[in-house]
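Dropping the structure in here first, questions after.
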């Protein structure tokens, strides 16, 4: 059991990295607290599996340190770190029974037989594997095999952490939900640090208390699912989390059109102040489709947009509009009906976010609780 | 990788290479030097042994003969094994299992058993002492293995590929040559490697079925035993020259073999 | 994969069938024909039933040869299979080192068998061969042309040199097919290298090992050329294996009847032992998966 601290971590798979592009991970600092349930969320190739393998010790980072409880473990083996890891595809030892599979890590630690027996039965009970303990592992279905590999991770006591590398990829959708809940329960019972890698935001949100979103080898935001949704720290988080993702509107300070004026008026004093001073041209305003208000009549401070299309998605609809030449999506209730091709949108101040060079700025305590 | 592992591997590779090196070493020596005393490398480096072989038609024709029947064997083997393997991998048909098993039993027949009957069979149809006779005899052993290896590779290609091709309007022949064969290139590489391997190295049948015109190099090598004893230098040079085609073949299929071994049945 | 029932597939198999049948069935029939007749010349032959078989099965020369053959084949398997696995385990997994190893290993497999014999004939001689010379230099009285044990060991060593690479290549391909995740999981589970071998590598090598054992058994059981060149079957009959006994009988003495009967017995033994190997191993597999 340990706090896991990553300090100045960088990793490149090539021996002589020539540029930033050669790094799978760079300039990464982070802390995972003991006992938490965390998710590492990001698209394929963002470096999340690399990070996981660095934490477990299967990879040694090119630069930086991994610390468990202030102790550097960067150059320690997986065994010395006492880590458990579950892989994307189920790994079971074909020639052994399910029970022998579970006992295997314990046997390698040379624990007394009785203790092994007891622990195996306990974990088997927990993961509902008791009935098949004597079965050969090779004859199991994919989801049962994955349960066995999870159980092998859980069976050791006092592990520093359990790492899951997209463990539900091969599992049927209806079983995915069940297994995820099982993991959550186990986390509550055992109080072990769990780190769960996935590219599925729903999976991350249901499993983890806090999510680290990775993008281009960095953790761009770390927070609760609610944080990620309401205050995306980075345009990538806004775009990646939520369905559909956040709307981004390019903002030009010199623009004197009515629409630009209306948007500027909606910004908080802090945001306006920053805008006055900023030098960068890369300015974007972000708002979630859920928070945009739509109206069929002209209203004060509302901007006029053209209707493009509408998608019916069960309990809600997504309206796509065209605002200043760019698409802007709005989420409306299932009962909404369009009356004309011209619509009016307004943007509540509290949900209008300012991004400069892709990072969120101008958030103050006041503006949060307006 | 541990140091001990590397040492072990190096020791083994030295064990593999040393006898071959010794043959190479001897092929560049004169007979006087060979018999005069043991030397680790040629003191009087000479190409005479090789010159002897390359200037004497009865010597170098041996190589031509060997290469000829090996190539004929490889071509026949692939031509008949490809469609057969496709049939085994895609269809069920009357007697398929028995046929496959019977095919494999041929691989288990000791060549010595077939010596005499082969001799009589090929003599009676006038094929004795032709390249074709040796190639056909070798087919008995190379085809079963070829069908077996190819069937493994073909089973790895999903049926959907075939079906898509038919839907797209390909005829069977067109599909097979243009789409299917390129997909199992590695398999064909491995098969060719094994056909070559068997046919090139076999001596017993090749020697029995030939006398003059198609005599393989391996049989000609026995000539070095003369009244004056064995001509070691020429024998060694002839031996070295038989290794060269093998090295070339490995070089050409090296990528296929590494990949093919891993993917296929072998 | 679900195969489609289609008897027209026979057309695809037919060329292969005709070709193999021509080279297999006609000669086999000839052998069967000889084995039940006493042939004096082209036109005079008498049906003798199973007489030749009885004679062959009683022949002590054949008993000795068969015993030598089994001893040899089993020694070959005992040495080559473990050695081949060990070599495969130590081979580098990627890069030019791995290609180099593959090429060097495949080398002995592509040398004509009589040349293999020649290589060892030279290599083992005390006067001009490095191996024989080295052994004598360190005080071992080694002479494969005169000493029975030396001859036998040299033939065995030659076969190990010649064929272990095949086992190694097969195992290497089997090992390469194991996904990395297995090794990573084993590392996480703190498996010792022995445990990795026992529980990950060995189970996944099973199918290639079946093939290796079968091939090595069959081919070592049919060995002819290499010992023929190396020792000529001597000294005495120490290295005269079945194929050589058979060739002596058929071509040397022209005893067609007994030779034919012997051929069939020989073929049957190979089939029987191969079948035994195969079913034993498949059964072992079955028992395990049922358990």
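Which chain is which? They are A, B and C, in the order written, and residues in each are numbered from 1.
Just so it is clear, a residue touches a chain if its C-beta (ideal position, glycine included) is under 8 Å from a C-beta of that chain, and two chains touch if they have at least 3 such contacts.
Note that the coordinates shown come from a computational prediction; the quantities given were computed from them, not determined experimentally.
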{"item": "Steps in the shortest chain-to-chain touch route ending at chain B and beginning at chain A", "value": "2"}
{"item": "Chain pair with more C-beta contacts, A-C versus B-C", "value": "B-C"}
{"item": "Between chain C and chain A, distance of the C-alpha-averaged centres to the nearest whole Å", "value": "58"}
{"item": "Inter-centroid spacing, chain C versus chain B (mean Cα positions, whole Å)", "value": "16"}
{"item": "Chain C-touching residues of chain B, taken from the complex the two chains share", "value": "1, 5-6, 8-9, 12-13, 15-20, 22-23, 26, 34-35, 38, 40, 76, 79-81, 83-84, 86-94, 96, 99, 103, 105-118, 120-121, 136-137, 139-140, 143-144, 147, 155, 158-159, 196-197, 200-204, 217-218, 221-222, 232, 235-236, 239, 242-243, 245-247, 249-251, 254-255, 257-258, 261-263, 266"}
{"item": "For the chain C and chain B complex, residues of the former touching the latter", "value": "1-10, 12-13, 15-17, 19-20, 22-24, 26-28, 30-31, 34, 86-87, 89-92, 98-99, 101-115, 118-120, 122-123, 127-131, 133, 161, 165, 169-170, 172-173, 176-177, 208, 211, 218, 221-222, 224-225, 242-244, 246-247, 250-251, 256, 259-260, 263-264, 266-267, 270-271, 274"}
{"item": "Interface residues, chain C side, partner chain A - complex", "value": "179, 181-182, 184-185, 187-192, 195, 199-200, 202-204, 288-289, 291"}
{"item": "Touch list for chain A against partner chain C, complex", "value": "53, 56, 58, 77-79, 83-85, 87-89, 91, 93-97, 104-105, 108-109, 136, 138-139, 149, 152-153"}
